[in-house]
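Look for subunit A in each of the two complexes below; its partner is subunit B in the first and subunit C in the second.
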Partner chain A sequence: MAPPDIRQVVLDILERIAPDEDLSDLDDSSPFREQMELDSMDFLDIVMELRKQYRIQIPEDEYEQLISMDSTVNYLIPKLADTPAAV
Partner chain B sequence: MSVAVKYHTVIIGAGMSGLAAGIRLAYYEKPVCLLERHTTIGGLNSFYRLRGRNYDVGLHAVTNYAPPGTRTGPLAKLLKQLRLRWDDFDLAPQNGSSVVFPGHRIAFDNDFASFVDDVCRQFPQQADRFRRLVAHIGQFDETSLTQPQTSARNVLGEYLGDLTLIDMLLCPLMFYGSATPHDMDFSQFCIMFKSIFQQGFARPLKGVRQILKALTRHYKELGGQLKLRHGVRQIKTDGSRAIGVILDDGREIEAEHVLSSAGLVETYSLLPPHLREGEAPAERQPRPASNLCNGSAEASPSQVKISPGEVSFNEAIFVLDCQPHKLGHDETIVFYNDADRFHYEPPADPLDLRSGIICSPNNFRYADGAQLDEGFVRVTALANPDFWMSLPDEEYVDAKAAWGRRMAEAAVRHIPDFREHIIDTDIFTPRTIKRFTGHPNGAVYGAPHKVLDGTTAIDNLYLCGTDQGFLGIIGAMLSGITMANNHLLR
Partner chain C sequence: MLDALNDPHRIVITGVGLAAPNGNDLSEFRQSLLGGRSGVVNFETRYIGKVLAGVCNFDEFRYQKRKERRRGTRAGSISIYCANEAVRDSGLDWDNVRRDRVGVYLGITEHGNVETENEIYEISQFDYDTTCWSHHHNPRTVANNPAGEVTLNLRITGPHLTLGAACAAGNAGFIQAAQMLRLNEVDIAVAGGVSESIHTFGIFASFASQGALAVHDDPTKACRPFDADRCGIVVAEGGAICTLERLPDALARNASIYGEIVGHAMNSDASDFVLPNASRQVECMRLALARADMQPEDMDIVSSHATATEQGDIEESRALQAVFAEHPDVAVNNTKSFIGHAMGAAGALEMLGNVPAFEDGIAHATINLDHPDPCCAFPQLVANEPRPLERAECILNNSFGMLGINSVLIVRKFPAEHGGLYA
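And then the complex of A and B:
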């Protein structure tokens, strides 16, 4: 999966977790928490959605990698390298 | 011969907390099975049909109201976690409610600022102190699972100098959630204060059915198993680890985890005899308010004296031939107390008619002017569990009816007289609650001691629901979600 595909994967997950948020103006470089209402339960959900959909295991001490869109995409590049993008 | 299925989790009890936990597990593709002893879902908050009418039991109002589009607060969190839409619950806000004591009336709707102002108008001497208390409650983290238990009366006494005001604040919060007579835990007080005064009441037009059906439909669509008429007789263990359950009919179900919403004492009584050291003695243990500070929230149940709770109620549901509005009654809920002090405890008499709750499910702002077909007034009063449990069958029906008339008589001191308009009545007592929930004494809010982290002395056996300690309907669902997240989805 290329970075733009991965970005879409994360966006889809955010939409699922927080359907009432407007994500069209999301600033990829700043933390999700500053732009949306996300608490620790929601971050756990991002981790679990990735596990559910792509079988990616993220250890608890690496959760901090998921702070913003940019850092999340960078973190997921190697993990999703061999996963084909959804059609 | 049946094929042995092994579940990731079996959940005991298909009430609000069990269904919410089930949805979380099913959503993340864990094989999950909800077991409910009764013929219908809901537990304490349920519904039934009687003489051609739909009735709700439990739910007077959903607390923690937030308007559509609200992104913060317990209701928003709950909907997000369950992947439900705001419309799934179809909540309509209340008209307005009040707490009425001799000489004082505090009104509140879902606008917190007007509630605070009203308290300050009613108790001008206490205004500054009350605002300081509100600030303290605001910054208190009642969702922490490690809060030590503290007496709410002690904390309120530090801030406020007026016993009537303290009683008036406690009255609705205790009625809607305190398992402890006389007092409540301060963390629980904060949960209830925020959910009732700060966020407020709402109700779906179709009542608790709407919520339970939304939860059940969603759970089943996600692949969760729901088995009604499947009571659990015993929790199976291997050493100190739960490995499944044995049903009332002797069949066994294997599971890696067991999540029980049955209650603390009730869950321990399902363990094999040698593991029941935490079981409560047969007689009820009186728990004076001072005991509140003794057990810490993290102590395992086997280390503390656990009792099943003894706060219970009678409720009379009066069906009217007209809308309450036609009689001049528009208030949603009236919490009243006619005595000098508010006595929250099992009474010596069959019922304590000095105080009570008067709720009319008609009095919500339903969308597009929709309204229930008939008028309802529900009157609730503290009950003496022993009296109602031990009454011979042939006297029970008459006693319910006679005390129902006295409840109506007490209610009409506070709302317009509706008695000539009654066309049907149904009444529940502690006996009814015991029958449908399995709680000894018909304890509506479970055990005085809550196990906030949901752990038990048995590995892979967790608690959710009332005795975990998040209160109210929204609290019950959040309890199921939190326990599933913390113990079953890591």
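And then the complex of A and C:
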């Protein structure tokens, strides 16, 4: 999966977690929590969705990698390298 | 002295919010009950497929964000809708209400089955990998969830409780609230009962295994309490929540008063897990009447609990005959014939659907009573068509549940000259 596809995967998850928010202006370099209401339970939803959809197990000590869109995509690139993008 | 307007032990209903399968507010609900409009429809449930159910269609997002709904439960969502409607209806200056003096007391039949079934189904899609079990499961399934969601939504910082009372729970919510108001634990109670039960396949499957689940070609004809052709229980969802206040507080703010809770009682059969007990039901009704300092002939409407099971209908008929046989003018009706059994919400919905009789003077019917069961036949039963009443000032509401839990609530019209809503 290419980085733009991974970004879309993460964006889709965020839209499900925060359905009241407009994410069209999301700044990929800034932390999610500075741009949207995202508490610890919401954050765990990101981890859970990646686990369910792509069988990615993210250790707790690596959660900090999911702080922003850029860091999340970079973290997921090797984990999703062999996963085809959804058509 | 009992009737003194400054008596803080007198508890009144000052706001109403409800979601029924045939109405999203009291006015709609009442029109459906008087017009014979059922809320029972075909419904798809997991594993079983097509069942019959009372399904609500209120707007979940009128008072709740999509994110809040996603985090919470259907019971929480029903509670939030009804509680907001009640608060709005009450005319309370909510922005200036002391939220630490508000309590939330909601009756439930069960809670947590829906979410547990959902999660088990979900992990079944992942070869039962329990790491896919949601972190939302615990906050969604704690027993206080529906009442707790109301406090989060309405920023209420006083106490909140759910009352687990099987199908006697709707009355139990009101009773708990009245007691907490009398103890001065709170100044305003947001109270009633709620049910999300149609979203758990287990309740349908269990009633089916018990031989007690209704099956009928015409959903609107399926729920037939007191009828010889009864075919069992129709499960429903819904909620009914009131704001309750001490009478002097309500009068001081010129609240519109729907009615006064003048009597209540709860007791236990102590005889069977599921089978009802007419003797204990009689005791419960008589205890509520005694506490109200009233006689059976003072009642104008008796809202029956009957669920359209043979044993339940017959036992309650025996109990009603024991208390009311000498009083032909009382009107006995049944709301479940319209909407099915709304479980934790049933008692609250059934009481509130009758309250507008204080104004229109009509007892709504028990529909689907085409061939009255001779074992349940009594002249006071309002069959199929609404009945105009000579007097409509007092309602006795029965609600009974599994494990032999009984609750009775008596609500009396409040005089219009003192702030009563109904002329």
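Criterion: the second predicted complex is superposed on the first by the 87 of 87 C-alpha atoms of A that agree within 3 Å, B and C clash if a C-alpha of one lies under 4 Å from a C-alpha of the other, contacts with A are read in each partner's own complex, and residues count from 1 in each chain.
FYI, contacts are C-beta pairs under 8 Å (C-beta built on N, C-alpha and C of every residue); 3 or more make two chains touch, one makes a residue touch a chain.
This one's a predicted model, so the numbers in the text were calculated from it and none came from an experiment.
Superposition of the two structures on subunit A leads subunit B and subunit C into a clash.
By the touch criterion defined above, A:44 lies against subunit B and subunit C together after alignment on the C-alpha atoms of chain A. Contacts of A:33 after superposition: neither subunit B nor subunit C is touched. Contacts of A:57 after superposition on the shared chain: subunit C is touched, whereas subunit B is not. When both complexes are overlaid on chain A, the residue A:20 reaches subunit B and subunit C alike. None of the stretches 219-227, 309-317, 381-389 or 399-407 of subunit C clash with subunit B in the superposition except 399-407. Note: residues 16-20, 37, 41, 44-45, 48, 51-52 of subunit A belong to the subunit B contact set and to the subunit C contact set alike, using the contact criterion stated above.
Interface residues of subunit A, counted against subunit B in their complex, comprise 16-21, 37, 39, 41-42, 44-45, 48, 51-52. Subunit C meets subunit A in the complex at residues 65-67, 70-71, 126, 131-132, 134-136, 139.
On the side of subunit B, the complex with subunit A involves touching residues 28-29, 69, 71-72, 76-77, 80-81, 83, 85-86, 481-482, 485, 489.
Interface residues of subunit A facing subunit C in the complex, by the touch rule stated above, are 16-20, 37, 41, 44-45, 48, 51-52, 57.
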